[in-house]
Amino acid sequence: MNLIILLAIAFGGALITYFLGKISQKIRDIFAVFISLALAVIAACFYNVSSREIYYTGFLDFPFVLRVNTFSWFFAVTIAVIGLFSIIFSLNYIRKRGNTDFYYSMMLLVIASMIGIVLSGDLVSFYIFWEIMSWSTFLLISYNRGPAISAGMKYIIMSVTGSVVMLVGIVSLYLHYDTLVYTELSGLLNNASSGYILFIIILFFIAFGVKNAIWPLHVWLPPAHSEAPSPFSSVLSGILIKIGTYGIILLIFVIIQINVFLNLGEGILSVRYIISIIGVITILIPTFIALLQDDAKRLLAWSTIAQAGYIILGIAYGTSESVAGGMFHFFNHAIFKSLLFMVVGAVEYRTNGVRDLNSLGGLIKKMPVTFIGGLIGICGLIGVPLTNGFVSKWLIYKTLILNNSPFLAFAALLGTWGTILYSYKLIHNMFLGQLPEKYEKIKKAPFSMQLPIVILSLAIIFFGIIPGLPLHVINSIESGFGMEPLTINIWGIASDTGTINMLNIFTAVLVIGIMVWLIFKVSKKSTVIGQYDNYAAGTTVPKDKYNYSVNFYDPLCRMISPYLKDFIDDFYMSLARSIKNTGNGIRRIYTGDVGHYVIYIILFLALLIFIQINWELW
Amino acid sequence: MDRNKLGKWLQSPGKMGQKYSLHALYFCTGCGIIEIPPTITARWDAERFGVIPVATPRQANLFLITGYVSVKTLRPIIRSYEQMPEPKFTVGFGSCPINGGMYWDSYNTIKHLDKYIPIDGWIAGCMPRPEAVFVAVTHLWTLIDKGMADGYKKYREDYHYYRENQEKILGKLEWPPLFSSKKM
Amino acid sequence: MVMNTILEIIIIILLAAIIGLFFLGLSRKIMARIHWRYGPPIAQPVIDIIKLFNQTSMSHGKLFNFGIIFSLSGSVVVLLFLPLGEMCPLSSSGGLLVILYCMLIAPLGLALSGGEAANPITSIGISRKFLLAFGYELPLLLILLTVMTHFNTISIVDIVNMQLQTGWSFQHLPLLLSGIAYILILPAILDLRPFELIQAPQEISSGPMIEYGGKFLALATIQHAFNVFISLSLFTNLFLGGAENPGYFFLKMLIVFIILLFVNAVTPRFRIEQAIKFLWRWPALLAFAGLIIVSVTG
Amino acid sequence: MVNPVLLIVIPLGLAFVVPFFGFISKKIEKFIPFVALFFNLIVSLRLFPRVLEQPVHVSIGGFVPPFGINLVAGPIGILFTVLIALVGFLVSIYAFDYIKEKDQEKYHILYLLLLTGATGVVLTGDIFNLFVFFEILCISSYSLVAYFGDKTSIESAVKYLIQGALGSCLILMGIGLLYGQFGTLNMADLAGNIKSVHSVSIFVPLVLFITGFGVEAAIFPLNAWLPDAHSSAPSSISAVLSGIAIEVGLYAMIRVVFTLFGASSILTFLMLLGVITLLIGELCAFCQENIKRMLAYSSIGQIGLMLFALSIASSYGITGGLFQLVSHTLGKSLLFLAAGYMIYRSGSMNISSFEGMGKRMPYTALAFTIGAFSIVGLPPFIGFPGKLMIVKAALFEQEMLYTVLIFFILLATVIEGAYYFRVVQALYFKEEKNTQNQKREIAPLSILIPIFILTGFIVVIGIYPKLITDVLVSSASELLNRADYIKSVMP
């Protein structure tokens, strides 16, 4: 199987889907699912394959290189699988909306271009796929209309800014080293001056930072994630921003080698520390902002930024454990964040688009499976032991503590406690509390929504108990980067400085849980009562009013909200406004009076001659 | 007091538990509540009998109705009583719940509380002193020992009677009749 | 080997239950004595639990049941990570960080259970619980990081063993600061005054427990007892040299607990903002100073 | 043996017989440009391989260069010819259904004259001849701008006329000055005589040329006619004006600067001018609500970008600039054609009137979107290789100035993206306010075919730029090697 065939299937599938939709909606749905399934299966087949394919396509002088190794395999499979689930989830979600052909083909195009990015073996094809991803994402973000339009605008402008900056970096690399193929490029920068490396890092980091929503570049993400269709939000949050992560890993470990990267700068001012600190800021501020959100998807969007901060922190810190933690967290985040967006999407679907946390509640009685998905999702997000998020965070914390960076560790850990607050708020306000009367007749989510939710929930638990599987892959990626691999076993990590064994914890939790359950079961049975048989100081429970969800963390929010103005967003908006004002000002040059125009021409002429006569510049 | 005798404990721990851990819900309907603070604080210290005040009916198994019961307060009383887990005991405090007391001819006072919920014991007086509460508690112990503090069983058996009486006064009640929901 | 571990687990759980319930009883007794009352017998919590198990109870649904089970098992699991002398069944499974995370399970379980009860007062309690946890976690994290950085390990067993060689943590200056900070936040962890915000029976009718009756309340009480044991045991292990000897261990915990009870008996209680402000000011400052000293010197 | 003269003679001749055909049948008229330009396309494509080996010289009337009028069909000339013929041909198809006014024949005559002028400019080797063709181009475009005959179009045509005439006048003065000094009008001959532009007597004609051609090429601050003219002309003419006329102006300017004067010292100035033009064009376009004005300002910006790239005067730079030129010709023509039809249907040039067009006219809207993406420089469309090459050329110089300028250029690209994406969103993601027109209408084939062909070119060259890069490289070497040009014309 060639990589080019994989890409051809991906891109061709996207195109064909559009035209199939003109024939029959049903066939198109099946075809879209089939294509994404095929992508996932084929991508998975490349496990442990390491190959390169070079095509001289005549794109200027650049060869078109595709390559697969464990690193890109890991990302490709994650992308394909999450993509598959999102497509399955879309089946019902999108059915009643207009423009479904467009939706599916763009969805497949985004997935295809992401697979293209991770499989490309040189920076030009990387860039091409990158831009295809950018604009197709833009079209999908704007799909929902209304507020989605400005969200899409924000996204594409930031994205284009990032990518043009990256283009400068790519071209600069090409002019210096005359090649853009990773394998030839890697190691060449060993001899470059540190100033040049810094220049390259900054250029690339802006582009990847925009996509990965690193703190001062994150402003596009909250509106984009919240306004996009939910299945696409899960793609956005689960894998698309991780393409930024992929880029950063590519930059640090492939283009610039890790030892070069670690030796840039000294102590607290070294590049790795600065990026780590940026990562920590990315964790902390968005976590607190997420606390203040009332829109379920916007809350998750801010949470996505915060989790991306963990990934950046882990990768930039640069020890082999932290990098493993970062990459593992990428994988975990892809699972649980797309799961959470699907959960919110299912609720949104059944409640006809309500995602305001203040007006939902009590849906656990109506949508139990969705609730369980949400619960497991937030457990993974928080990192409760036995879910996958735990191991990755544990790795990051551990290496930060043992390498004497307790303040970074502190900030990261504090972020976790913020995560508990907002994620409980999310699940409480949607599923717990009193069920409003208008939702009494809600049905449970349809099968095509429950299936991905269930599978992803199981995956969270599975990889939480058996973290060895992904860590094994990550280990071989790391040894590919020339780093010291971790000592792992299937249940966890067994290094000298700290061991973790999920089997022990799992057994303990299981046994103790069963024991407690037995005690519970043996003792007197309890009567099941409804939500209106509730303590209300003896009075009857008022319907629709007896729910505490508005301003759930009001005391804290009152304390912190003055400090949490999103001034970065304001800054960008004022920048945009000032550009617009400048444009309006400059437009005045064209007065509409032809006399002025003639004067311009004469003045231009006269000025040039005058300059030449006086100073003889030319 | 017999609380230190291990033999009895081993015979029926459940019953002993009920006796010595009376978590009381004070329903401050009227002036009777004024006698409760001294009862539970340093002067008389009800906690040495295991009687402590709790906040919600769910945690309580002793229901003290302190003072006269107006029509308006009857509904919360019934509601709270029904929300308490079984076994549960009720004590009417003062003469008003017994027969209306000084409000015997008031148009909106409940004269015979035991028509609406079962009462396990009465403390007569206006007001009864805190010592009377202890007398009531010790009396309740003997009743529990003999298995005669069975108001909650009566309520279950004669639910129709009570519900009828309640609805006669209060009109149609908002909540569905009890004892129809299934066990789990 | 396996039998040994199982035996250890059973011993630890029983010991923790006994000590925890004893402490609960003791607290009521001591409080009564401070109030010039006779007070209930020490075993009163046990009596309560027996009674509660014999009562019927009302359940709001499956999650209502699951939450309390989850919560209690979470507490019990934490016990297995804490060294009690030589005994520490899960010593090789992640150390202090796992304890930190497992301590989450208990409040999360209660919160879920309370959430399904559909009672706004429960939600208020839960909200307070998380806020207060957020308040005390900030200093707590600093404290734990100070300890971990000082000993350069994340394993609590190693920390205890190192204290056997170098003396109690309290003897080292940065850890002394952290220890004081820990004592300041302990009432918040144990829901004692001046941080008794979560149950607050006079105000929000015992908060998350509001719908608990019968066996639910019994399990919650047991969970609380474990929580008392865990917090005190963690403090003792980290700062007071752990359990060279079970008797001493118990004594250390007792002394710390009695100090807390005295504070509990004589103070009123904070509002939630005041509590967070306090926690983010003094304990956090002390712990922060400790962490700076450790990271500069170590 | 095809002769480049045919490229000029046939359209010119056919232009004048259009009225005669009009006597026979009004319907035939509109096929005349179609036939002429199809012929041009075939001829120029036939010439292509030959030109790449060796530039083709034609001496009119048999006089050898310094004395007679000659045509020089080098790679750059033939590249332009192909572009002109291609876009002209497609626009002539577009005009079948688009131009429905009574006096069609004027349109067709002027249209053919415009393209003849453009072809003449790029093929001629004689500076006066260049001026003449340039005037043909300009005058026919003045008239075409006024084609609708309403107040705004006449006003903008007059504005255009005044500025254009001033520019032509300056060019003529420059020619006069040169002729007075050197006694020849042949470009190669003149170039052989001019060694440096330092002296005022040489510099003044240079500046006159730059200013004069700059007016047509819409260099800031000489470009004030452009937004008015482009927005009030018929859309097919806007496409040609924006896709061909200003590029030809730029060609003339570059040809003069590079070949005639060899003025490498003024290039830095031109480059700065290019960046300023780019920034001002994009900033002005950013706050436009009128779609055609927006596209017109965008053309100004693109011209600035091309001028910047061409002024780098390295092989990379000129290749990049020419690539950008090709991509702009294709992309902007497509945008004007697609927008033109949507304007025709909605009856308003406001961007808000485009809302919901994605549903009403899916194909046109799709083409517009692709054109917009291409102009912004997103792969896999033709704009991206151009942008890549320009960045490469600028960074290749390894000078601080270039690196700073390239960031400005990229900023301008972002601004450009912002307003194009706004239109794309209006097309697809905003509901039309007027609910009566929700009906789906497919444009007639004569509209769709040119649009689709242009879209096809944009996608294919975007994926496979090697299709034209070879030509561009040899064009660049033709522009750069002044001595070779002189030697080849005057052996």
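In this document, chain identifiers A, B, C and D correspond to the written order of the chains, with residue numbering beginning at 1 in each.
FYI, a residue touches a chain if its C-beta (ideal position, glycine included) is under 8 Å from a C-beta of that chain, and two chains touch if they have at least 3 such contacts.
Keep in mind that what you see is a predicted model, and the values were worked out from it rather than measured.
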Key: Which of A-D and B-C has more C-beta contact pairs   = A-D
Ask   = Of the chains shown, whose Cα mean is nearest the mean of all protein Cα atoms?
value = A
Distance from the mean Cα position of subunit C to that of subunit B, given in whole angstrom = 35
Message = Averaging over Cα atoms per chain, report the distance between subunit A and subunit D in Å.
response = 43
Request  = Mind checking the centre-to-centre distance between subunit A and subunit B? Centres are C-alpha means, answer in whole Å.
outcome  = 59
Task = Let me have the rounded angstrom distance from the C-alpha centre of subunit B over to the C-alpha centre of subunit D, please.
result = 97
Key: Overlap residues in subunit A, where contacts from two or more other chains coincide   = 525-529, 533, 535, 537
Ask   = What residues in subunit B touch two or more of the other chains?
value = 56, 58, 83, 184
Message = Two or more other chains touching the same residue: where does that happen in subunit D?
response = none
Task = Name the graph shape formed by the protein chains and their touching pairs; answer line, ring, star, complete or other.
result = other
Key: Every chain pair meeting the contact rule   = A-B, A-C, A-D, B-C
Inquiry  = Give the list of subunit A residues in touch with subunit C in this complex.
reply    = 362, 364-365, 368, 371, 375, 382-385, 390, 394, 397-398, 401-402, 404, 406-407, 409-410, 413-414, 417-418, 420-421, 424, 427-428, 431-435, 492, 497-502, 504-505, 508-509, 512-513, 515-517, 519-520, 523-531, 533-537, 546-549, 552-553, 555-556, 558-559
List of subunit D residues in touch with subunit A within their complex = 158-159, 162-163, 166-167, 170, 197-198, 200, 203-204, 207-208, 210-211, 214-215, 221-222, 224-225, 227-228, 263, 265-266, 269, 280, 283-287, 359, 373, 376-380, 384-385, 387-389, 391-392, 395-396, 398, 403, 406-407, 410, 413-415, 417-418, 421-422, 424-425, 428-431, 463-467, 469
Inquiry  = Please output the residues of subunit C touching subunit A within their complex, sorted ascending.
reply    = 9, 53-63, 65, 68-70, 72-74, 76-77, 80, 89-90, 92-95, 97-98, 100-102, 104-105, 108, 111-112, 115-121, 123-124, 126-127, 130-131, 133-134, 137-138, 141-142, 145-146, 148-149, 152-155, 205, 210-211, 214-216, 218-219, 271-273, 276-277, 291, 294-295, 298
Remark   = subunit B partner, complex, touching residues on subunit A are 525-529, 532-533, 535, 537-540
Remark   = Listed in rising order, the residues of subunit B that touch subunit C in the complex are 3, 13-14, 16-18, 20-21, 23, 41-42, 45, 47-48, 50, 52-56, 58-59, 61, 83-87, 184
